[in-house]
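Shared between the two complexes below is subunit A, which has subunit B as its partner in the first and subunit C in the second.
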Partner chain A sequence: MTIHASYGEAFERFAAALPAAERAARAAAFDTFAQRGLPDDGIERWHYTNLQPFAAQPVQLAPAAAGTPDLSAWRLEDCDEHVWINGRALNAAAAPAPLPSLDAHAGLAGLHRAFATPGLQLTVPRDVRLDRPLHVLSVSDAREAGEMFHLAHRIRLERGAQALLIVQNLGLPGATRFSTQSLSIELAEGAQLTLVRVQDEARGTTHWLQTTAEVGHDARLDVVNVDLPYDESGDPIPGEATAAKASGGTLIRSDWRVKLAAPGAHAELSGLFGADGRVHLDNQYEIDHAAPHGTSRQWFRGLGFGPSRAILNGRVVVQRGAQKTDSEQRIANLMLAKGAEIDAKPELEIYADDVKCAHGASCGQLDDAAVFYLRSRGVPEAQARALLIYSFINDVLARVPHVALRLRLARRITARLGAGLDLSEATLSGAAA
Partner chain B sequence: MSQLLQIENLHAEVAGKEILKGLDLVVNAGEVHAIMGPNGAGKSTLSKVLAGAEDYVVTAGTIRYQGRDLAELSAEQRAAHGIFMGFQYPVEIPGVSNMMFLKAALNAQRKERGEPELDAGDFLAWVRHRVKQMKMDPAMLSRGVNQGFSGGEKKRNEILQMLVLEPRLMVLDETDSGLDIDALKIVADGINAMRSPERATILVTHYQRLLDHVQPDAVHVLAAGRIVKSGGPDLARELEEKGYGWLQQAA
Partner chain C sequence: MDSDLMAANPSDIPVPAEGIEALVQNRKYAAGFVTDIESERIAPGLNEDVVRLISAKKQEPEWLLEFRLKAFRRWQSMREPHWAHVEHPRIDFQAITYWSAPKSMANQPKSLDEVDPKLLETYKKLGIPLKEQEILAGVQNVAVDVVFDSVSVATTFKQKLAEAGVIFCPISEAVREHPELVKKYLGSVVPFGDNYYAALNSAVFSDGSFVFVPKGVRCPMELSTYFRINERNTGQFERTLIICEDDAQVSYLEGCTAPQRDENQLHAAVVELVALDRAEIKYSTVQNWYPGDENGVGGIYNFVTKRGDCRGRASKISWTQVETGSAITWKYPSCILRGDDSVGEFYSVALTHHRQQADTGTKMIHVGRNTRSTIVSKGISAGRGQQAYRGLVRVLEKAEGARNHTRCDSLLIGDQCGAHTFPYTEVRNPTAIVEHEATTSKIADDQLFYCRARGIGEEDAVSMIVNGFCKDVFKELPMEFAVEAQKLLQVSLEGAVG
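Then we have the complex of A and B:
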C-alpha cells in the first residue's frame, strides 16, 4: 500500500510532541496505517466509498486556528458548551485518553489512533443526571489544502446515570480537508444516553466517523443522526456518480456500531440524511444483539435532492443466545429530483431462534393527492411540496429532544427547500399551542 | 342577484374516461345548491374539476367564476379567489401541525390577493375563535393535519379550514358522510355561519339529513354526468322516498 510521504512527515512532527510513554502505541498504529492504507471499494463494507485516493494525496497537520471564530450562530443557550477547533480543545487542555478500538477498517483505524487528539472525556457518575445538555462543537477551519486532524471522544455513563449529548461537526468554509472522529460510548446498568449528532461539514471535506457503543443491562441509548450536508455552491454536477472522484467534493462516511451487551439493553437509532450537489454520504449502522431480551429500533429517512449519492446500510445481528430479541428497522426514502441516488440496504443476521425482527425499506415520491390537498387551500405548489417533505422528515426530527435545536434544524431544512415556510416553536407539531 | 358560477356543457374525464357529459349549472351569490345523485354519477368529479385537480381534464364546455374563465387559474389561485373544496377524504399530513398548515394557507392566499400577511398574534386569535366555534379542542392546533383524526374529526376540520379561509364559493363533497348527529349539527352550523349574500355553497350529498340543517335554495340530481332534474327543497325529500331509479330511466 502506498501512502503519500507527507503522512510520515506529519506523524514524525506529531509524535515528537507526545509524551514518551505514548509514542510506541502511536507508532504501532501508524505502521498499521502504512501497511494497510485506506479502504477501497473492493471491500464489501466500502463498496460505495473509496478512501484510497486520499492516502495518495498530500496532507499536513491542521495548525491551531489563528483566532477564535464567531460561533454565536451555532450556540445553544441552555447547553454546556465544549469547543474543539482543528482537533484542539478551546476551553481547556483535554486530558490524555486511551486510544479507541475501531473495527471499520484496520488502516483507517490505524490512522485515527496514530494521530488522535483527546476530545470530550466524559464520565457521568452513578445515578447522576446531567441537568444541562452537553454541546460538543468540533470546528474545522482549514486554510490550506489537505489539512487534517483526528479527534477521539470517550463517554462513560456509570450505573443509572443520564445525559443528553449533542455532537456537532461544523466546517468553516475554506480549503479541502480530511478529518476522522471517534465516539466511544459505554453505558453501565440502567444508564441512559441520548446522542444527537449534527453533521455540518464544509464543502471539500472528507470525514470519517466511527461511533462504538456498548449498552449495558437495562441501559438505553438513543441516537439521532442528522446528516444533511448541503453544497452551498449549489451547482449539481450531472452524471457525476461519486463526489469522491471530484476534487472539492464532500465525502462523509459514518460507521455506527452498537452492541447490546447485557440483558434488557435498548437502542434506538434514527437518522435523517440527504445529499445534494457534490456530496457523497455513506452511513453504516450495525446493532449487535449480544444478550437476551434486547430491544432495538431504527428509523431512517432519506432525501434524494439532486445528483448525489447517499448510502444507508442497516445491519442487525442477533447472536446465538440473544433470545427474546425484539428489533425493528424502517427505512424510507423520498426521491425528489432526477439523478439522485440512494442505496439503502437492510441486513439481518440471526443466530437465535426465539426472536422478533422486522424490517422494511421503501423508496417513493411525494403523494400527488396530498400536494393537491394543500394547493386546494391556496398553498403554492413549491410550498406544498416543502410542507410534505417536512412531514416526511419530521418523524426523525421530532426525536431531537432539544427544542431549540430541533427548530433550528427544521428551519435550515425548510430554507433549503426554498419555499419560505414559516416555522416557529408554536407551529412545530407537538409543541404547546 | 349576481351569478357567481356558470357551468356550460361541461365535459370532463379522468384517466381517459369521460365522467361529466354536458353538465350545466348556474349558482347565484347568496344561494345554497344541493347536488345529489347515485354513485358514479360524477358528483366528486365536479367538485375536483371546480377545485382544479390536474388529473381531471376538461375536454369541452366552460366554467365561469365571478365572470372569469376558471381554466386560467391554478388550484392555488382558485383558492385565493375564494373557491374552497371540502374533501370527501381529507388527507393526513403527519408532523405538519394544523397551525402551520392554516398559517401557510391563509398567508399564501392573502399574498396572492395582494393583502398583507397576518402577524402571529392576530392569526392565533383568528384561528382560536373558529376552533371554539367548531367545538374543537384547541390542542388540535399543534397536532398534525388530520393525523389520527376520526372520520368525523376530519370533516369538522374541513369546516374549520373553511371558516378560517373565508371562501366565496364552497364546494363540499360529502362533508356529511361519517358524521354522528352531534357532529352533523356542528358542521351544519359552520356552513350556515358562512351563508351570506356574497357567498354560495354547493353541497354534494347522498342524504336528506344534512339538508334538514342547511336549507338549500335548489336541489339538482346528477346522473350519468349531467344534471337530469332540478327543483326546490321538496325534490330532496322526494329522492329520499323514491330513490334515483325513476330519474335514471328518464335520463
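Then we have the complex of A and C:
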C-alpha cells in the first residue's frame, strides 16, 4: 500500500509539538495507516465506496482559519453553541483528550487516530437533564486543495442523564478537502440521548464520519441523520461521475455503529438524504443486539434529486443469547430524476431464535393515484408532488425534536421541489403532534 | 417410522423448545453409499498438462482446449473470494483429482444394455430409473441424463426427443456432434473469467448436459440430469448449457448426491441458459449432496455459478431450487433480463442443519425495458447451521419500467443456528419499482400447540409447519420433484423417519 509522501510530512509537523508518550501512540496509529492504506471496494463493508485513491493524493493539514466566517445563517437560538473550524475550537482551547477508539478499517482508523484533534468532550452527570440543546458546528473552510483535518468527539451520559445534541457538518465553498470525524457515545443505565446530525458539506469534500455508541441497561438512543442536498442543482465540478474515482468530486461516508450492550436497551436510527450534484453518499447503519430484550427501530427515507449515487446499508446483528430482541427496519427511496442511483442493502444477521426481526426496502416513484387525487381537487401538479414528497420525508423529519431546526431542514429540502410550500413553525409543530 | 418423541406423553404440551431440536437431531443421509466400481483417474493436482490431458481424454477440438487454457491462466491470476458468509479451511486445489471415470465407460457403451450393471444399480438405489421400458411403463415421463464423477453414463429418450428436434445429450457429445452450437453459446453467459470458481470450471469441466430446443418447439417431456460423485478426493466440475430458440420451451430438472465421506469434496459447476425471443426455460434443482455429519466432518463444497440470459424479447427464465445438502453452498442462480419485457424468477428453499453453511440467493440484472423479476427465498436453519440469503437486484439506466419484488423469510429452529439476509438493490432508473421484504421467525409454540391439540403428532406438526412455510416455492416445482423435495425436507428435519 503506498500513501502519498505528504501524509508523512504532515504527521511529522503535527507530532513535533506533542508530548513523547502521545507522540509514540500516534506514531503507531500512523504506521498502521501507512501499512494498510485506506479501504477499497474489495472489502465487503466498503462494497460501494473506494477510498484508496485518496491515499495517493497530496494533502496538508488545514491551517487555522484566517478569520471567523459568518455563521449566523446556521445558528440556533436556544442552543449552547460549540464551534470548530478546520478541526480547531473557535472559542477556547479544547481540553486534551485520549485517542479515540474506532471500530473500522484499520488503516482508516489509524489515520484518524494519528491526527485527531479533540472535539466536544462532554460528560452529563448522573440524573442531570441538560435544559438547553447542545449545538456542535464543525466548519470546514478549505482555501487550498487537499486540506485535511480530523476531529474526535466524546459524549458520556451517566446514569439517568438526558441530553439533546445537534451535530452539524458545514462546508464553506472553496478548495477540495478531506476530513474525518469520530463521535463516541456512551449511555449508562437509563440515560437518554437524542442526536441530530446534519451533513451539509461543500462540493469537493471527502468526509468520513464514524459514530460508535454503547447503549446501557434500559438506556435509549435516538438518532436522526440528515444529509442535505445542495442549495441548487447543477454540477460545477468537472470530471468523473463517480466521486470515488475523482478527487474533485464529493464523497461522504458515514458509519453508525450502535451496540445495545445491556438488557432493555433501545435505539432508534432514522435517516434522510437528498442526493444530487454527483455526490457519492454512503451511509452505513448498524445495530448490534448484544444483550437480550433489546429493541431497535430504523426508518430511512431517500430522495434521488439528480445525478448522484446514494448508498444505504442498514444492518441488524442479533448475537447469540440476545433473545427477545425486537427489531424493525424500513427503507424507502424515491427516484426523482434521471442519473440518480440508489443502492439499498437492508441486512439481517441473526444468531438467536426467539427474536422478532423484520426489514423492508423499496425504491420507486410517487404514487400516480395520489398525485391524481390532489390534482382532481385543484392542487397544481408541481405542488401536489411537492406535498407528497414532503409527507414522505416527514416520517423522518418529524423525529427532529428541535422545531426551528426541523423547519430549516424542511425548507432546505422542499426548496428543491420547485413548488413553494408554505412551511411555518406552526404547521410543523402540528405535523409533529 | 416413529421415534421416541412421537410416543411421548401427549399431556406434555406445549412442546418445550428442546423438543423441536430433538426432532432435528438425527438426520440420515440415504444416498451416502459408495459404488464399488473400478475407476480410471488421474493423479491429483492441477497444471496446464492436466487441462490438456482432460481435453485429450475427451477428444476435444483445438478451440475448446484453447478455451480451457485461457480460463486456467485467468484462474491462476485470480484471488479466492472471501465475501461470502461462510467459513472453511483453505481448499488445496492441488490435492484434488480433476478426472475420474468408471473404467467400464472407457469403451463408450452404445446402449443401456452395455452399461456396467453396477452403475445401473447405483441409480436404481437412488431411485432414478434409466431403463426406458420402465419409464415407458409409466414410472415417469422424464428424459434423464446421468453423470457419474466426470462422465455422462446414459441419456434416455434420445430418439423421441430427436423427433421433436430437441437435442439432449452429454456436453462432451455435443462438442463432437454439434460443435457450431457449443462454440456459439459456451461461455457466452458465464465468461471463462467470470469468477474464481467459474474460471476453474471452465478450465477443467468434465461433463454435464447440453440441451438445444429449436424455434417454436415445446419440449415434449421434462428433461432431467442426475449428478453423482462417487470417487474419493475428486472434484466434480459439471457444465450445463441450455439454449431455447425463439418461442421454444423447456423444463429441466437436476438432482445430485454423493457418498458419505469424512473429507470435503469440491463441486464447482457452471450452468448457462440462453433464452431467445419469447422462449421459456424452467430450471429446477433438488440439491442433496452429502452435507457432512453432525460435527461438520465431510460433505461437499458446492460452489456453483448458474446464470440465465434472457436474450430475446419477452423471454422468461425461472429458477427453482431446493437446497438441503452440501457442507457449504455458495450459489446464486441469476437472470440477465436483456430483452424487453423479459421475466426472471427465483424460488428457493434452503435448509441448513448440523454445521452446514449456505450463502445462496440470486441476481436479477434488469437491462431491457419493462423487465420483471420475482424472488421468493425461504431459509430454514437448524442445529448449528448458518444460512444466508444474498441477492442482488440491479436496474440499469435503460430499464424503463422495471419491476422487482423480493420476499425472503427465515425460519430458525434452535438457538445455536443463524439466519442472515444480505439483499443488494441498485437502482439507476427513476421509473423502476423495487421492493424487498424479509422476516425472521421460529416455529412458535402456539402453532405447535394448535396442531397437537388437534391430535397431530409433534413431528407431523413440525413438518406441516415447515411445508407451509415452503409452499410458495414447492408449488413452482414439477410434480415429481415437489414430492421428492417434501420428502427430503422431512428426512432432513425428522432424522431417521422417512
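Before moving on, here are some points about what is shown:
The rule we apply is simple: the second predicted complex is superposed on the first by the 415 of 433 C-alpha atoms of A that agree within 3 Å, B and C clash if a C-alpha of one lies under 4 Å from a C-alpha of the other, contacts with A are read in each partner's own complex, and residues count from 1 in each chain.
Simple rule for what comes next: a residue touches a chain if its C-beta (ideal position, glycine included) is under 8 Å from a C-beta of that chain, and two chains touch if they have at least 3 such contacts.
From a predicted model like this one, the values you see are computed outputs, not experimental measurements.
When the two structures are aligned on the shared chain, A:373 is found in touch with subunit B, with no touch to subunit C. When the two structures are aligned on the shared chain, A:100 is found in touch with neither subunit B nor subunit C. In the superposition on chain A, contact of A:355 is made with subunit C only, not with subunit B. When the shared chain is aligned, no partner comes close enough to touch A:37: not subunit B, not subunit C.
Touch criterion met: A:388 reaches subunit B, while subunit C stays clear of it.
Looking at the shared chain after the overlay, A:398 reaches subunit B, while subunit C stays out of its contact range. Those residues of subunit A whose C-beta lies close enough to touch subunit C in the complex are 44, 47, 304, 320-321, 323, 333, 335-338, 340-365.
Listed in rising order, the residues of subunit C touching subunit A in the complex are 17, 83, 85, 397, 410, 412-442. By the touch rule above, subunit A contacts subunit B in their complex via residues 367-370, 372-381, 383-384, 387-388, 390-395, 397-398, 421-424, 426-433. Looking at the complex, you find that subunit B touches subunit A at residues 51-55, 74-76, 78-80, 84-85, 87, 90-91, 93-97, 99-101, 103-109, 112, 120, 124, 138-139, 141-144, 147, 161, 165.
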